[in-house]
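Going by the order they are written in, the chains are A, B and C; count residues from 1 in each one.
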Amino acid sequence: MEQKKILLGGAAVLLLVAYNGAQPGLRAMRTMSPVVPEGQLSKDELTKVKTVVRRQRYGPSLEWLDRLTNASATGIDGTKFGAPKLDFRMLSSLMLAGLASGFKSQVANLLWMKSDEYWHKGMLTRQNPIMEAVVTLDPQFLEAWDTAGWHWSYNIFADLPVQPGLTVDKKTPPEEKTRRLKALREKQDVAINTGLDYYARGTQMNPEKYLLWFKFGWTRLEKAGLNDDETINLYREARKQSDARNQEMMVPGPDGKPQSSTVQGLDLMGRTIGHAYERMPDIAKALEMYSDDLLRLKNQPQKKALLNDAGRYWAKYSSLYSDIADVYNKGDAVDKAKVKQLVPDVEHLLAAQAARVEAGAIDKGAGSQPTGAFVSISARYKPAWDLWQAGKLDQAAQLLIGVMNCDPKYHLQGLPVMEKIWALRGDAPEAIKAEVAKQIEYERESSQEIGLHMLAKIFEAKMNEETDPVRQKAWARMAYEQWCRARERDSLNFQARRRSTVYEDKYGFTIPDEILKQVADSRKLGAVVAAPPTLPKIEDYVKKVSQTPV
Amino acid sequence: MPTAETTTVANDTAINSAMNGAAPNMNAESQPPRDGAGEIIIQTTDLRKVYRAPFTREGKTALQGLTIDVRQGEIFGLVGPNGSGKTTTLKLLLGLIKPTSGQVSVFGRGPDDVAVKKRIGFLPDGPYFYDYLNSYEVLDFYGRLFAYSAEERARRSEQMLDLVALNKADRKRPIRTYSKGMMQRVGLAQALLNDPELLFLDEPTTGLDPIGARQMKDTILNVRAMGKTVLLCSHLLADVQAVCDRVAIISEGQLMKFGTVPELVGPSQRFEVFAAGVSDGTLAEAGQKGYRYDRQSDGNVAFHVNSSEQLDELLTFVRDAKARTVDVKGYSETLEDVFIRSVKSDGR
Amino acid sequence: MSASSPAMNQMAAAPRPADERIEIPASWRIGQAIISLVIVAMAVYYYTIGWKSPSGETEANTRTVFDATGFLVLLGLTWLTTPTAGVIALTTFQEALRRRWMTALLAFGLVIVALSSFFTWMQPGEEQKFLRDFGLGFIIILTILMAIFLGVALVPPEIERRTIFTILSKPVTRQEFLIGKFLGLCWTLFVNLALMGLMFLISYAIFKIRIEKGLGAAMSSAEGHPGLIFDISNITRALMLQMGQLAVLSALALMLSLVVSSITAIVFCFVIYFGGQASSYWEHLSGAEKDEHGDHVEHVKGPIQGLVKAAYFVLPRLDRFDVRERLVNDMPVAFNYMWKAFGSGLTYVAVLLAIAYLIFSDREF
């Protein structure tokens, strides 16, 4: 009997050893991490692997404890943009028990509701430590990351100008006003950067969800005004994720609040990238994005060329150039001859239009938007872009101003032909007149943003070429004014806002009254035309900037 | 000695009627075997048990060197005051606890041998069962432990419940609604379920009303009549004396007396002679001779003597004094007397 | 009672079985043999194919001889389960079912789980994830409560009420009693888990079909959007893993209840549960963990490290059974991982049962 017990006791000890021997490295097994030999991966790749490892955890790891202890340490880039300290005072004993038993997500949910309550009470700053606690406890809570990022970069940003000590009104003395505006901008920068930090951390914790990548890029571009390769890369990262195309998406609407929009199956991320390139502007890359990527025409230069030609027809005959094709196709031999007389290369126009229709039909019509974008930017900016790239910056600038003002010398030269075509179709003369005006208005309105950005960039290029400091400042002034025009035209154009403040800080420029007046007057008439009416002359600006110290 | 004569008489009567009640089965051929008749089925040798509290050196000695044997076919009584070691002995015999030293053998095997368990039945003191079950389900559960088939379990359950005379209406009620007596009956039924050769009963009559207690005693005698062996633990000495063949009296873990009931109790030790027409002179003479006497309300005189020799002399004296002997009564000692004497001599 | 005399005589006349031991029926033995064959087949499958998970998770893709301990324990448990142990188990199950608090807890669980989709408003935009996390979490905590509270009440009440006297004076060994009690509890917990799990799966399926606007959409799977079948199989695996955790906790509660009072046992159970939940953290702290390069990392030093290491060595690794994080992130739970979890859990159960038997075999009533 005793022997049996000793044997059993021994067996128990052996089993305990087996228990410990069975899984060396529980954590390693749970993470299911690939075993990476040292030196095989670059630092970035290793970071990526680590992130994936962190995401693949089985079981309720107590990682949040680690995160808690590290919470006050450095942020994602070694900097912490005023991120809130954690506040666990609202943790009840029930929540603590929940934490101890592995219910951290539920505790995070309870805290989340508390945060929501503060939001509805308008206690914006009370909300911050709780949101930090929520994302610390449940790093897979996408909505929490998103809301925290949005909250900082939109709500707190918007709330700052009415904070005591930051308000500016007509009675504020000029010096105080300058000081306050500077302080406000600094604080707003902190708010935006904190928001961006949330997105940065959120994407690290949820790298295979598109949402936070997208919102990171979106906030970086639309709120921080940074339209650069980094932003594009964030969009590209979002686009790579498997859920990028088939989910309901929350997009900040015009009022800053998220609006739900369902984008089943559409490659919205791809379009967003193209659009960002347009506004950057990098017309070549934008066109490449639309044609090579979205329309899959990379190996079909002929079709690309046809689409480009469609853009040429657009530039000449307005966006309704396809009416030429319609009239030609539907008309009898006589009509055909007339059209042929008006538009000698009508066959080529037909081919270009056919190529456009074909491209637009891919993916059950999903190609229509990228095709339209390709053709319209080919029409409006491609010629100027080509001139710019060829080093003919002045000509490029002149052409852009012509396009933006819809000067018949540069844009829609073929409108009289269109009038005849429409007449041929049987349209009434009044209708034709109205259509002509509409087309001109449409082209002017649509070309302002990208045109101004491009113009500013061209002047910046000139500025960078310049060696003489005074002329350099003059070019800077010219670029500044274009950013100001874009900024005044659209108050949500944060890219122009950021660029213009760069010059304000560096040279102390202020926005000229005539620009303000032009935009205000134009706004009253309908389509806002903020473009300069004529090409600014560098000599005028040399005079202008010479009057103020460098 | 507080025992009143009347109580003793009443007890005797009870025993007699109990014996008569059990009479149908107690014919000549199933007479209980007396001392030395049966084969020894339980043997304890110098059994010692010390209960030790955890993490302490000293313990409470419950049994000190108990050596008894129980023979086949007898009703063996284990008596003693509370805490004397009766239940400890029973648990040792059932293998519920292990002896500190000494040996226990039941049917020639260790008490925790499963083969032994098949041949025994046990009714614990104040039995308790899964109270959400009814009595059929309880017996079915125990039947399963013996690996009986479903039909056999059903047959035996019915049979046992008939045997312990549990009302049919009560059998399907949950056990938790049972009275103590009903519970005791179910307890006995489960103890008898496997038709055991050896039956352990711990305080079988406690909590029973007089009729129930009587039925219990009848059953015990019936069981013996079937050739089974019964080991009975009780402090109700009259019951033990009424049914047991052999008795072991233990006190403070020590065996005080051990033997057949007649051996322990011995022959009658006290006599009363009732005489009529006794003159005062005779009484005075009797006083001189050392007879104890008292005059009864009916005028008769009761003489008391403590040995058969004295009885002989007294009867001669009464006859010589021309008095008329009306009645002679002989009293034997009760087990209780023996018990109390042994416990007292133990230095209490 | 005299009326019953004929019955007595009939009984006395019945022939006494010749055998001395309880013979285990051949049918039972055949059943055991079939189960053993299944276990062996599982072991063969594990060691040939199942140890390598299809999702290419390399770290769990290691088969060691230790993984076999789980199979051995299963075989042992199968062969130790005699018909008598089965009877004890069945009675334990019946008894548990008739406990009012248990029924109430089960009913409560079923209602909450059935209505769990209602709570998804707590996490807008993440409803499916929330449902998975919350529903499973709720089932987990409820069954754990059952395991602990039923587990500590397996043996002590039998001793207090002295039912154990009548049972152990029948042909029942203490080992059979203990194993029967343990298996009975496991079966009870399994039934409860299965009921709540089924309810949850139904509730989840309905929710998913409703959210995705149709069965077809709910069933269709795409990358980043797993279909209903995937979800259900994953949740079922998580529930199966929870059964492993329950087995460990049952054995723990049973063992502790033999040593200390019920209240103390409950407290210890919770402490060990919380400690076990955090076992990967103890591993992390004790430095038994390897980093990406395979080097050991030290977080604490000196005697505290020894203490943490001891805790890691002795505590059950319960967080192994909780795959909610993985579930929430739509990642498959692979067989090799499951078996490693089960195998280690069974090994730990065997340790606990061995200790329990060592205590119980010397237990005096």
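Heads up, the rule we're going with is that contacts are C-beta pairs under 8 Å (C-beta built on N, C-alpha and C of every residue); 3 or more make two chains touch, one makes a residue touch a chain.
Please read these numbers as outputs of a predicted model, since none were measured by experiment.
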Report the chain ID whose CA centroid sits closest to the centroid of the full protein CA set. C
Pick the pair with more C-beta contacts: A-C or B-C? A-C
CA centre of subunit A versus CA centre of subunit B: separation in Å? 100
Where subunit B and subunit C are represented by their mean Cα positions, the distance between them in whole Å: 50
Listing for subunit B: what residues touch at least two other chains? none
Give every residue of subunit B touching subunit C within the complex, in rising order. 24-25, 51, 91, 94-98, 112, 114-115, 117-118, 120-122, 124-130, 132-133, 141-142, 144-147, 159, 162-165, 187, 190-191, 194-195, 200, 215, 218-219, 222, 226-227
Sites on subunit C touched by subunit B in the complex: 1-5, 7-12, 14, 16-17, 20-23, 25, 83-84, 87, 91, 94-95, 98, 161-163, 165-173, 362, 364-365
In the complex formed with subunit C, which residues of subunit A make contact? 5, 8-9, 11-12, 15-16, 18-38, 46, 49-50, 53, 55-62, 65-66, 100-103, 105-106, 109-110, 112-113, 140-143, 208, 241-243, 246-247, 250
Touching residues of subunit C toward subunit A in the complex: what are they? 55, 57-60, 64, 66-67, 69-70, 73, 122-126, 129-130, 133-134, 137, 140-141, 222-225, 273-274, 277-281, 283-284, 288-290, 292-294, 313-314, 317, 319-326, 328-329, 331, 333, 337, 340, 343-344, 347-348, 350-351, 354-355, 357-358, 361
